[in-house]
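Supplied in structure tokens, the structure appears directly below.
Labels A, B, C, D and E are assigned to the chains in the order they are written; within every chain, residues are numbered from 1.
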Amino acid sequence: MLETRSLAARRGFATLFQGLGFALAAGEALVVSGPNGCGKTTLLRMLAGLSAPAEGEICWDGASVRPFDAKLREAVAFNGHLPALKDELTAFENLAAWTTLENERADAQAIDRALADVALARRARIPARALSQGQRRRIGLARLSLSRRRLWILDEPLTALDSDGVEVLETLLAAHLEGGGLVVAASHQALPVPTANLRPLDLATVPGGSHG
Amino acid sequence: MLETRSLAARRGFATLFQGLGFALAAGEALVVSGPNGCGKTTLLRMLAGLSAPAEGEICWDGASVRPFDAKLREAVAFNGHLPALKDELTAFENLAAWTTLENERADAQAIDRALADVALARRARIPARALSQGQRRRIGLARLSLSRRRLWILDEPLTALDSDGVEVLETLLAAHLEGGGLVVAASHQALPVPTANLRPLDLATVPGGSHG
Amino acid sequence: MIVNWYRYSSPISFYPLAGRLARVFGVLAVVFTLAGLYIGLIVAPTDATQGDAYRIIFLHVPTAWMAMFIYLVMAFWSALALGFNTRLSAMMAQALAPTGALMAALALWSGAFWGRPTWGTYWAWDARMTSTLILLFLYLGIIALRNAIDDPRRADRACALLALVGAVNVPIIYFSVQWWNTLHQGSSISLTAAPKMAMTMLEGLLVMTAGVWSYCIAVTLARVRAIIVERERGAGWVASLIAPQGAR
Amino acid sequence: MSPTAVPQPDAASVSAAFAWALGRDLRIALRSKAELGVQLMFYVIVVSLFPLASSPSREVLATLGPGVLWTAALLASLLSLPRLFAADFGDGTLEQIALSPRPLPALVSGKMAAHWLTTGLPVAVLAPLLGEQYAMDGTELWILAAALLLGTPILSLLGAIGATLTLGARGGGSLLALLVLPLYAPVLIFGAGAVDAVRSGLSAGPQLSLLAAGLLLALVGTPFAVAAAVRIALD
Amino acid sequence: MSPTAVPQPDAASVSAAFAWALGRDLRIALRSKAELGVQLMFYVIVVSLFPLASSPSREVLATLGPGVLWTAALLASLLSLPRLFAADFGDGTLEQIALSPRPLPALVSGKMAAHWLTTGLPVAVLAPLLGEQYAMDGTELWILAAALLLGTPILSLLGAIGATLTLGARGGGSLLALLVLPLYAPVLIFGAGAVDAVRSGLSAGPQLSLLAAGLLLALVGTPFAVAAAVRIALD
């Protein structure tokens, strides 16, 4: 499904990694780890189609894809460092806007249910500005639960989540992988993914890196 | 040193907590935990003197303090969710600006040493915009290492840190507590604080909360 | 043929070629400019109506032409850079911008000083002047945009896009002001009409144009070499290039 | 593309994408009414400044009118441009928009339309009222309004190019102005020229048609330029 | 306060705080030397726009001059002021500034001074040069420069109040900002009026004294108002 060949990333005059190749099949989760600044976020953004690799290529469904490839855009759900929340809008409005943007057909009830699943039912109608850090991240989880995208790209999905939140994420990930979805995630902690589906990738061991 | 009496926080029509009282002595670390949205950040901002409690009072060095109290401002180092980094400035410049603002007398060498301690020596001279998430948090650690403030208030200090980063934080906290400093931190994970100094506070068990 | 183009579209093989060409055009620039100045200032007779003021033409017209022409060339390289993502074409565009800005500034400056004795004013809002001014602003905008973006790859593409948008805009401005107000004189050199100028003046003009042209080429190539070294200093071949020179 | 390729954006998906972005931006804009107020206040202050400050004669005022009203419209547009994309860029919305399967040019067009509706349109509506101050008569005011209605969308469109190009660049406001103002020049010339033409007894037809042609050109071209600039900014 | 209380801000700590904020903001504003150029270009373009729009005669140009140069000053002020505090608010710097032991009014004054130095002062210096384009003579240019030197700091100061009030963007604050902005109008009227006075053979004394009085008032009052607004925004 998702495959890379001799991928390299450069920033400034530093090579973050090079010669990176892996293949990820349906139902598998690639969990990227490595020290701060080793290029996890950079890799995830390349895989999402947001930036072009310095070298190498990325293949999705067997076809080589360039940044913002239409087929990749149909398949990817990207949760990065930035929350993509509009402070002026409520949690409900934010979620509704996202699902419409993704072309999912989610009605108000489905959205309310998704918000209740992440324990935001009682905070669904106040401006997102007023929400706590973890509650903001939970809106991102609610979005994933509504999404039917096949490839989830998650950058440090555990940030600011309490133990309940981690459980919600665990359920989501399990269901997604079960259904043949793919996950690429970067994290400094262990991610709640069934070991059978886990494909760990330690970027620190990939050649080319000169960090710090 | 730091004491609160029947502290209460309200947001909108919700009471986050009330009747919160604790006393923290020199060399102790209060680690606040609790589910998302229970009011950890709200509490920390009150203790830092950024916002006024709905009820109750906060005492520092025996005197009741109001928001932005001059004596509290002399004593507090606050590391919140926001990094307070200027993207245009380099890590070095950001750190230099902070220490001057805090009235610390840090020379260029001390700053460079602090940056080296958090493994940012080689990234000290590029704009902070280009740094990775964890590298940005590490600048905050470097700042703490230069600070001679007595009360550190840290909101989720582990966010985005790799294991090396956590070690750096551990060393900093140990040294600070050793020297009679106080720490108030909110976190969803266990903080690397010597158990002898640890005063856990689970906000979920404080009355008044009605979360979710 | 195609092989050749590919060969020179990589900075590594272009670098030495650019060095040789820059030297040749540098010499040509000096020769042509000296000859042009000789014709313009000494050989050409004083004008009956304008006196010696008209001699500004030998600076004014070549620089005005180059200001416009360089923009076209820059837009061409920008289009290549955007379309094919080639590093060298973006570097060419980057190298052209300061020279283009200089030419536009010289045309404006010489024009303004010509306007004083002839029209009695330094400035009027006319088609050529306005579009030259806007051209200068576009050049400066492109330079400023590049300075404001940290990542050179991103700067390349952003500037290329701006150059292309500007390329659509300049002709529009030209015609918009022309329909609205005209003071500046029209083209006096054309292939269809009989020459209106004295022969020596035309000669001087053409020689000066060749001089300015050569100067632009030489300076641009020298600048592109500097850009290559700056941008690719991480690459091995540049390091080996700089080391022996530094040792000398 | 292979036969199983994603369908090319059809009219329905284009207009859905446009409506999505437009609705969202309008909703956000209307939540912060103060910003709209500041915009309009700026326009009124700038336009009223000349008659107030220099109390010129009627003829002078009449000469000044179109130029002042147009320049003020242009500056009002400029004033709000930095916020058009910067907020979305800063909070990650732009990433999501660019990664959406919906056609990016349509999405950014929706944003530009929202910008025009909240800055250009109010100015075009206000201008005839303010034009009274400048001793402009009925026909002139109509022509002015028509020219502004045709011209201000061009300002929003061209401005959006500058706004996206400066994303993530140092120096924000004035850099943006430097990039955009040269592009604004033709609009200003034709726009102010339209009223001048009627005033000198000519028809404003040519200027208005040129503005309309410019608007068409901008409508066709800018969405793609802006979409390209968004992708460059995210890289 | 107890005898062991923190010393009240003395002159040294006030000026150190002021210098810190000033230096930091100037450094950010002028990150690259090119940015100074961008600022200057911006005025030149804005000031050139009016003649472009209305191709006026020399007398009309002369009438326009003061108003145009003042509008450019206003625009420069408005374009960058919201960002000055909003950026600090958004990235957490404002929290740190407000929690610093240094006196907050002095810190915000430093920020406002940096704002004036990067927007108001360049206009005041450039204006006499650009005024040439507008057929203004020696005395007029001097008066213009003087009025701008007195008036542009007021714009920065008043603007800072508006900018901080809108920070939290809770309805009330923004409304107050709308009340502050109209205060710009008198500054512009007196400022542009000063030149008109000399032109019509009168003395510009009254206008300049009024501006100076306004400036004094603003200098004394705004730092405290802005500091209070910052604390409100952070709560």
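Here is the rule we go by: a residue touches a chain if its C-beta (ideal position, glycine included) is under 8 Å from a C-beta of that chain, and two chains touch if they have at least 3 such contacts.
In this text, all values refer to a predicted model and were calculated from it rather than measured experimentally.
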item	value
Most distant chain from chain B, judged by the mean position of its C-alpha atoms	C
C-E or A-D - the one linked by more C-beta pairs in contact	A-D
Most widely separated chain from chain E, with each centre as the mean of CA atoms	A
Gap in Å, rounded to a whole number, between the CA centres of chain E and chain B	35
Separation of mean Cα positions, chain E and chain C [Å, integer]	39
Mean-CA-position distance for chain C and chain A (Å)	48
Contacts with two or more other chains, residues of chain D listed in rising order	32, 90, 168, 170-171, 175, 178, 181-182, 185, 189, 235
Residue list for chain C, restricted to those that touch at least two other chains	130, 137, 140, 144, 147-148, 150, 180
Multi-chain contact sites of chain A, meaning residues that touch two or more partners	81, 88
Interface residues, chain C side, partner chain B - complex	150
Touch list for chain B against partner chain E, complex	48-52, 63, 67-68, 70-71, 73-74, 76, 78, 80-89, 93, 97-98, 100-103
Chain B - residues contacting chain C, complex	127, 129-130
Residues of chain A that touch chain B when the two form their complex	11-12, 34-37, 40-41, 81, 119-123, 126, 130-135, 137-138, 156, 159-165, 188-189, 211-212
Chain E residues within the chain C interface of the complex	32, 34-35, 37-38, 41, 45, 48, 51-52, 55, 133
